[in-house]
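In what follows, chain A forms one complex with chain B and a second complex with chain C.
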Partner chain A sequence: MAAPMKSMGSSFNATSFQKKTRSKLISIPGTRPSVQNGQLIVSTGVTSLDYLIGGGLAVGTVLLIEEDRYNSYSQMVLKYFMAEGVLCGHELFLASAQDHPDDILTELPAPILDDIASHSPMEGRMQLGGPHASQDAMKIAWRYQNLPKVQTALASSSRFGHYYDVSKKMEPEIRQAANCHAFYLPEHSTESSAPRSPLLESYSALLRSIQEVIRKGGFDGAAPPAKSRNVLRIGLPSLGSPLWGDDLCCRDNPAHGHALTTFLYGLRAVLRSSLSVAVLTIPSHLIQSGLSV
Partner chain B sequence: MFPELNAILNTSPDNFKQGELILVSDRRADASFLVHHFLSFYLKAGCKVCFLGLAQSFSHYSAVSQRLGVSLTQAKEKGQLLFLEVLNESLDVLLQKTSNTESQALDFLRDPAVGLRGLYDFVRASVSDSGVGGEDDGGGGTVGRWGPPVLLVDDLTVLLSLGVSVGSVLDFSHYCFVTVCSQLKGNMVTLVRCEGEEDEDEDGDEEGSERLLKGLTHQCCLTLHVQGLPTGFCRDIHGQVEVCWRKTQKDKPSNQRKLFQYKVHDKGASFFARGTSSAVL
Partner chain C sequence: MLLELIQGTEGGGLIIIQDSIHYSGRTLLMSFIKAALKRDEVVHLLAFELHEEELKHELGHSCLQRLKFHNAFHDPLGWNENPPFTVHQFITSELDSLLTSNQHSKPVTLVIDSFSFILRHLSPSAVCKTLQQLKKGGAVKTTLGLLHSDMHHRNMVGSICHLATSVLTVAPGHQCHEAVAKTIWRAKSGKISQAMERFSISDDMTVKVQSKPVPVGSGQGEAGDAEVDPTANLTFNLRLSDQERQAKEKLALPFVFSKEKKSALLRPGPGSGRILYEPDANDDYDQEDPDDDLDI
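Now for the complex of A and B:
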């Protein structure tokens, strides 16, 4: 669960879904089996990061990013991850204590698509949102984008990992095609604290919310087989910051020294039994005590 | 089970030493492949295995053991393997959904300050049950259908991260050692994971996992320490294993240490002396 793991060519990290992909040949758009050990992997959105971690992020695992000082690059990686989910048609779950999840979603980078599904007059590369594209052409393209999965499934499942233009924001039409669940901590009324729980109320509320989304969306395998399977991408920016009610980053001897690691343990338990991936960022440079996450 | 590791350790499923505490540790590497080795080794040896799966789910171990030629589900059904799957059961405890007053084993999740007494009681109950399996016995003897009991813990560092104090974990391992190794003449294998450099000078406040590692190294009979290569990442050599026999044996009075390099692949791991990797030669 440390920062990006280098794959060692080991097949010993099988997720609980390894057998299913082999026997039932599930093909979820945006995922593919890893060439090294057959695990189902998704792209993180940054293709060079995918290469570093052995092809992609395995479904059922958590990627923990230690934030840089100004939280610029770590937030960027998280946005790439979410943007990749939008393009692949995955469902998203975003939980934040500082910015509203909807605000984070408006800032996703714009994808660079050479559109296979676009109509023929546009030849060569077509920069969506570029000044030379006519208004009509853009509208038609987006209509194709939003059609049920016939062409977009081909386009996205044939490509694993997309490229993005960070200087532009993702168009609202693309973004709204994706189903996003938001968890904004200030809006969440925390229940009265249960007696002596090792988890903070904010963390247990978050864990419950994630469990609820997984159960309702059928990501845990309880859904009837008729429903097509999908992957849930969970993004948790700045977990462990003081805004979550955790004093791990504030004090030398925190009272809740292990609330975050206990939450991560619970998150691992939830993720191992479902088709979801999580990327979270932690401001570890604020942690004073010798505790290592 | 890795045949090369068996040759290095001079053991085989038919002939292995009893009453041993084997410590598997790593530093910035992943030594869990050794846990899978020991699990399949003792299952093939016909021992009654009690496995505390704290780090991964049952299906993970089962999938890996399948590749090593052992079926965990079958072993569980036959009663040879007792698997405590903490990961899945932890969710209910952490979110306080059901009040399971019976399962005391996970008390440390509800309140880490309580310690690991409940977990130890679970272990003691499960290893003492080895006599129940044999129905031809009078039911009183500890020699059931299965061989000596084995306790496998994967891994102890998870307990530290959940808030249990180092002292409690050391007490737990000591109690388990006395019960399993001394009284029942079984074996015990634990995994401890460390971060950071070994000779870092802390300001007197040493990291919990380092203290745990030191305490257990003092107690164990055999330790396998896994590290990455000092020269960095290599595709063909995944790291090095330092094997150290601690307790004096009759024919080898001095403590012995050996260093090997290893590579993990699809159906096992291969061990070789330093510099003799097939990629190099």
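Now for the complex of A and C:
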């Protein structure tokens, strides 16, 4: 790519060209309009998953993940989702019946934030004095020998969706910058719901808590336009497991067979009119029919 | 893997021994109890399915004295007055009062003779909640229990084992005194290790593992089959012998400069051009994908 001679310290940004937007779309950091239908979408944190679901997760929708047998990969996807929210400055809501939400938040993966091609020319000079082998490292493309290794993936140029290093944990300073609401079921006192209610107490308490957070945070559009808008990311790991009080995973004819689906309907209705997005995981391998073929 | 679990080096948690009608896991449970007593731990046993006399017969009198035995066999449902221990006492508040009655600094192991009995009389979500609180709370280091997998629905067994730190499934082996144990252990980091071992239990309740643990799912028996070598079975020769390889290295490529000229060119001089490469979407051209430029 031919480029005019610039000073040595120029940044590696491609161009200064910016698209002029005439629309009055609200611009919230970490979101962008979808190329297909103009809906506002957020990144799930996993860029390949974003590509699979058409660019990203639409705001106001719910993503359901069926857990793998030992709940390792589904938890990882949920953590990526939360980590992406921290980096974009979104608000987080995490509800769990098994581990405390604060414990889950300490295990978020560390983001890869530094620029990829940031090697200084100093390295090039060092390589010349190096041993024989490094000189012969490139026989044919030797003119490129002293250039820093550049990743062919579009890591540095994409602003939507970040990359993470799973082997490291996110720094507490980055994590504490994000506002997180936690719902831990054992600590939540559950008042008994109406006897004919199709919802379990735990699910109705959770739904009420989500509605409360949306209303207080102004995610449902009731906030004055002066206040900057933000997106709420809701993470619900292991919904439907016996720890929520639901015996859907244990019996073929559960006592509250429709509690989980009623909760999901309610959740969808609440989210549709608010600037929030939810990701939940369900241990579906326990809900499958117990009959072995 | 099995021996590490018995010795307690894996750090406790919730251990479930799944057995079936073909092989009872009770002797393995007794060997766990004996090993814990040898390590001088405080062991509480909730015996729903075992009479005290039988236990004395299996474990020996001295062991029984050191064990904190809770007789839940006589009156588990509390039909008579003053039952020693009922199944309804299997909730966190009651268990906490039971376990902290003797203040010791030693680690506490809670052994439950069987979860199956409890699951028959209490709701599974309540049992799961109690087990989760036992796992999280600091009172008990290890919770160990027997689960008869053929007594329950497959999903119920699955839900209980989902909470467990390690699950041991025992089955009869090929020889009469041997049994096979399949261990699935979940580390704190989330890594899962599985192993299948043959073991036998001697009269004094020590477990002897007969074979090396075979990681489940890997190739059976002989060394893993070699990958198919694409350069074999061709009509032309794709491999290089050593001589041929050396000759290839020595060959001087056309248009290649001598080493001095190369290093002279590599040194960035004044006014020479620089190569600026930035990865672009167009650079990811995949020659095999004909629809790469299709924009749907």
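The definition used in the following text is that the second predicted complex is superposed on the first by the 218 of 293 C-alpha atoms of A that agree within 3 Å, B and C clash if a C-alpha of one lies under 4 Å from a C-alpha of the other, contacts with A are read in each partner's own complex, and residues count from 1 in each chain.
FYI, a residue touches a chain if its C-beta (ideal position, glycine included) is under 8 Å from a C-beta of that chain, and two chains touch if they have at least 3 such contacts.
All figures in this text were calculated on a predicted structure; none of them were measured in a lab.
Chemist: Between chain B and chain C, which one contacts more residues of chain A in the superposed model?
Modeler: C
Chemist: Identify the partner contact of A:S72: answer first if only chain B is touched, second if only chain C is, both if each is, neither if none is.
Modeler: second
Chemist: First (chain B), second (chain C), both or neither: which does A:P29 touch?
Modeler: neither
Chemist: Just checking: does A:G54 make contact with chain B only, chain C only, both, or neither of them? Give me first, second, both or neither.
Modeler: Touch partners of A:G54: none, neither chain B nor chain C.
Chemist: Considering only the touch criterion stated at the top, classify A:P111 as touching first (chain B), second (chain C), both, or neither.
Modeler: neither
Chemist: Between chain B (first) and chain C (second), which, if any, makes contact with A:L199: first, second, both or neither?
Modeler: First partner only, chain B.
Chemist: Just to be sure I follow: which residues of chain A are touched by chain B in one complex and then by chain C in the other one?
Modeler: Of chain A, residues 12, 14, 290, 292 contact chain B in one complex and chain C in the other.
Chemist: Within the complex, which stretch of chain A touches chain B?
Modeler: Listed in rising order, the residues are 6, 8-16, 18-19, 37, 194, 196-199, 204, 207-208, 211, 257-258, 261-262, 264-266, 268-270, 272-273, 290, 292.
Chemist: For the complex, give me every residue of chain C touching chain A.
Modeler: Residue list for chain C touching chain A: 123-125, 127-129, 132-133, 153-156, 158-159, 162-163, 186, 190, 192, 253, 256, 259, 262-263, 265-268, 274-281, 283-284.
Chemist: State the interface residues of chain B toward chain A in the complex, per the touch definition above.
Modeler: Touch list, chain B to chain A: 30, 32-33, 36, 56-57, 59-60, 63-64, 67, 87-88, 90-91, 94-96, 109-112, 158, 161-163, 195-196, 202, 205, 207, 233, 235, 238, 264-266.
Chemist: So in the complex, the part of chain A that touches chain C is made up of which residues?
Modeler: 1, 3, 5, 12, 14, 70-72, 75, 98, 117, 121, 124, 128, 135, 139-140, 142-147, 150-154, 157, 186, 241-247, 249-252, 283, 285-288, 290, 292
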